[in-house]
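In the two complexes that follow, chain A is the common piece, with chain B as its partner first and chain C second.
Now for the complex of A and B:
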């Protein structure tokens, strides 16, 4: 039971981070109609900037600057590439983002070389315990920060002008344009928000219990894709549910790996994708996604 | 106020949708544009409202001026900021947004907060049903209510000129009559209106001036009342037996009410 609770907590905290990444993925899809595969390298960029800058300017300033750099990179990608290709087929745009991702990733890997950079989290690698249920402090703080950010995001999405402009353009772009909503701005802002969320997730994903900034952090971001897809690509609530579900499933598979040995070691790494496939088999548009309906 | 001169528009460089149209919307008037499907009515509106590019259309020649500003090449957001707002064909309300959020979306181009608050009061005054349903999702409204919401949403931007693309489309005759009254009221409150319609009875009843488009060209134009009396308009748009034939045909026996309109 203790192990179960412990895994559940770990899963929730990991899932909250996946949810942050998946939310960015979903709002980019809603605002720009792009399935953005740039998220993996944006995440790595965030982690890399924070780790590199921490030595010279200190931890907190490095976090802020790292978030800014990631958001700026997302903004530049949107302005320079996505915005100019508006109206291109969704599939071409997706492949363009894969290209951008590979370019950015290659450069980051080259810079990383073979070092393992560490983000000097002031909270260190200690664990937080209640009775015998444990969670690394890093994950606990991650969970709290993610919860606050997600709550803020949903409030803004529901009540702010940006949220309304965003939902209106996602539903009917031409009519939103007729109302004077500038879609270019809505889309650019979505990318910036997605960049910020990815960088915050990166800050925690490279801390305990995961070891430092390595190219494997990229693979972590990949697991947020199934989270977004299984929640329903156009649903922000779905991104949250999908993220938590994937996080818990992954943590459980890792924790009970001795019982799951017949599936082979490292099974937990593929669990997110198996969960996604299982969900899509029964609900092809995801848990909360809009079914493709055409009203005549 | 709006003046269109020798306008030519093509789609994809090949299909000529509008050929040499010239048109005037004087300040404070209601101008109707009649014509059948494919006459170029919607293309004309797209050119004015700045959405032509979204449909791969292009202005080949001619000018569209609004209070002296050339509109060709400007996008929809700029047109809205100049005071030109279009109610799209088929209402196109945001079904997943609430009524109130739809209205807020309509006010996005309106930076002036007091103007926006005034616009909202005016909309709720004109359509009390929207206030009652302000927290309902747009998709749950009836067709007539959705049209009211679409018009209300456009009014949130405090337009100087309101463009309406077939507001009567798919609505019951009783409600079409009410839409006519709403247009007249909006005009009385000082907004000029360009009304594109297939329903000539309603359009000519509310308009001061009218143009008839035929395969991309203006075939008739003039005072709306006089135009309604011409043989061509009677034959093509109003039916043989005079002005309100269309309405008489749909009137229900013994004056029974089909539905109630509460706006």
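Now for the complex of A and C:
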């Protein structure tokens, strides 16, 4: 039971981070109809800049600058490439983000080399315990920060003029444009927000219990893909639910590894994808996604 | 690309000189001639070229087979798939398992059926097709980008299986691929020793011909498929599923079939990959491979068979060439000297090329080639209309809306 509870907590905190990344996917998709395969390298960029800068300018400023750098990168990608391709087929847009991803990722991996960069989190690697249920402090803080950010996001999405503009243009781009909503601006802002969310997730993902900044952080973003998809690509609530679901499933599979050994070592890394396929079998547009209707 | 330029060029001259002969007729004689010339060059190449180029050539042939298959799926049927690496892996592993000998490799105990390699190749292709067929019911339910991401799952599951199923796959370290063999003729260094015109025909030379034959078959099949009823049906399906089903195309069945065909291509490419590297390892079949294949078809031109071949040539030969001529190319060199490693330089180039192609030339290399030939052809008479490029079919061509159907209901 203790093990179960502690796995559940771990899963929730991991899931909250997945939800942050998945939210990024979803708002980018809603605002610009792009499925961003660039997210993995944006995440790695955030982690890398925070780790590199914190030696020279201290932890907190490094976090801020790192988030800024990531957001700026997302902004540049949107302005330089995505904005020029408005109205192109979803597949071409996805492929173009893959192209950007190749460039960014190659450069980051080259810079990382084989050494592991560490982010000097002030909260260190200790765990936080209630009775015998433990969670690393890093993950606890991650969970709290993610919860706050997600709540903030939902409030902004519901009430701010940006949120309303974005929901309007996601609903019907043409009408929204006619009502004076500048779609380029909405889309650029969506990319920036997604960049910020990815950088924040990166900050916690490279802390304990994971060892520092390595290219594996990239794979984590790929595991957030299932989260966004199984929740429904155009549903912000779905991203949250999907993130938590994936996080818990993965943590459970990792925790009960010994019982799952017949499926091979490291099975937990595959679990998000299996959950995604299982969900998509029954709900092809994800749990909360809008069903695609075809009008003749 | 260059040979098609030549075709057009001489075709134009001919029609310019022998005045009223339509350029079309000149081309119809010249094109087969040039194709034969190209074939002769390809056939004679092993007599003159050193081993490195022949090995690169075999890798390109393998990649071309895979790229043609993926292009049928993505470019022609409009189904974005990132699972190509998985199907390649199925083909490669089946080949190695079926034709490999059982035995120990270090700590791992390996199984193998030890059947003739040709059986292994056929089984590899069939099993890859079967994997595609099993995945296709799910694929048929998913649209566009959902399919792309769902197919991502196959790659990761595939890697996991490759790592975990040691007796078959060799596990983390992989296992060696047996030499190919056809009716007692080994595609290896000896057995039998072979000299043609005084040139020793060893593994590289023999594989070159094997690759050439397989790639030609793959090319020929795809060209014919696209010009047949199923091919038209697939392209209609890509442009509008509703329109396709109104025209009597069974959408689900066609999606399943194109998945089958495409993954069989991938299976063959996987077998060729195993032969070309000489061994298989899990890390070779990661997401990166899928992305490279995607890069091939995007750079070559979505929906064009020629494009897929050009893309495969570009993407699979470039890193090898960079590696070999690292000293000659600026900025490429050892990591220690501050330069780019060959693989990195190639990846930068692919990434950039993908972005540029999608931004400026969505029809890819095939589109550029077509434009050049079109321009040259039009110059003399100004009468010959530009041939519709193979890729009137790139996926971001304006998708015909459902207007005809709308009109018919009102």
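The rule is short, and it goes like this: the second predicted complex is superposed on the first by the 293 of 296 C-alpha atoms of A that agree within 3 Å, B and C clash if a C-alpha of one lies under 4 Å from a C-alpha of the other, contacts with A are read in each partner's own complex, and residues count from 1 in each chain.
The definition used in the following text is that a residue touches a chain if its C-beta (ideal position, glycine included) is under 8 Å from a C-beta of that chain, and two chains touch if they have at least 3 such contacts.
Just so you know, these numbers come straight off a predicted model, no measurement behind them.
In the superposed model, A:110 makes contact with chain C only, not with chain B. Contact with chain C, but none with chain B, is seen for A:276 once the two complexes are overlaid on the shared chain.
With both structures placed on the common chain, the touch criterion links A:252 to neither chain B nor chain C. Within the superposed three-chain model, A:168 lies in touch with chain B and out of touch with chain C [touch as defined at top]. In the superposition on chain A, A:101 makes contact with chain C only, while chain B stays out of contact range. Applying the stated contact rule after C-alpha superposition, one finds that A:265 touches chain C and leaves chain B untouched. When the two complexes are overlaid on their common chain A, residue A:224 makes contact with neither chain B nor chain C. The residues of chain A shared by its contacts with chain B and with chain C come to none at all.
The residues of chain A lying in touch with chain C in their complex are 35, 81, 84-85, 88-92, 94-96, 98-104, 106-107, 110, 113, 222, 225-226, 229, 233, 263-267, 269-270, 273-274, 276-277, 280-281, 284-286, 292, 294-296. Of all residues in chain B, only 49-51, 54, 75-77, 80-81, 85-86, 88, 92, 94-97, 101-102, 104-106, 108-110, 153-154, 157 touch chain A in the complex they form. Chain contact summary for the complex, chain A toward chain B: residues 87, 161, 164-165, 167-168, 171-182. For chain C in complex with chain A, the touching residues are 74, 78, 80, 138, 141-146, 148-150, 152-153, 156-157, 160-161, 163-165, 241-242, 246, 287, 291, 294-295, 298, 335, 340-341, 344, 347-348, 350-355, 358-359, 362, 395-396, 399, 402, 405-406, 409.
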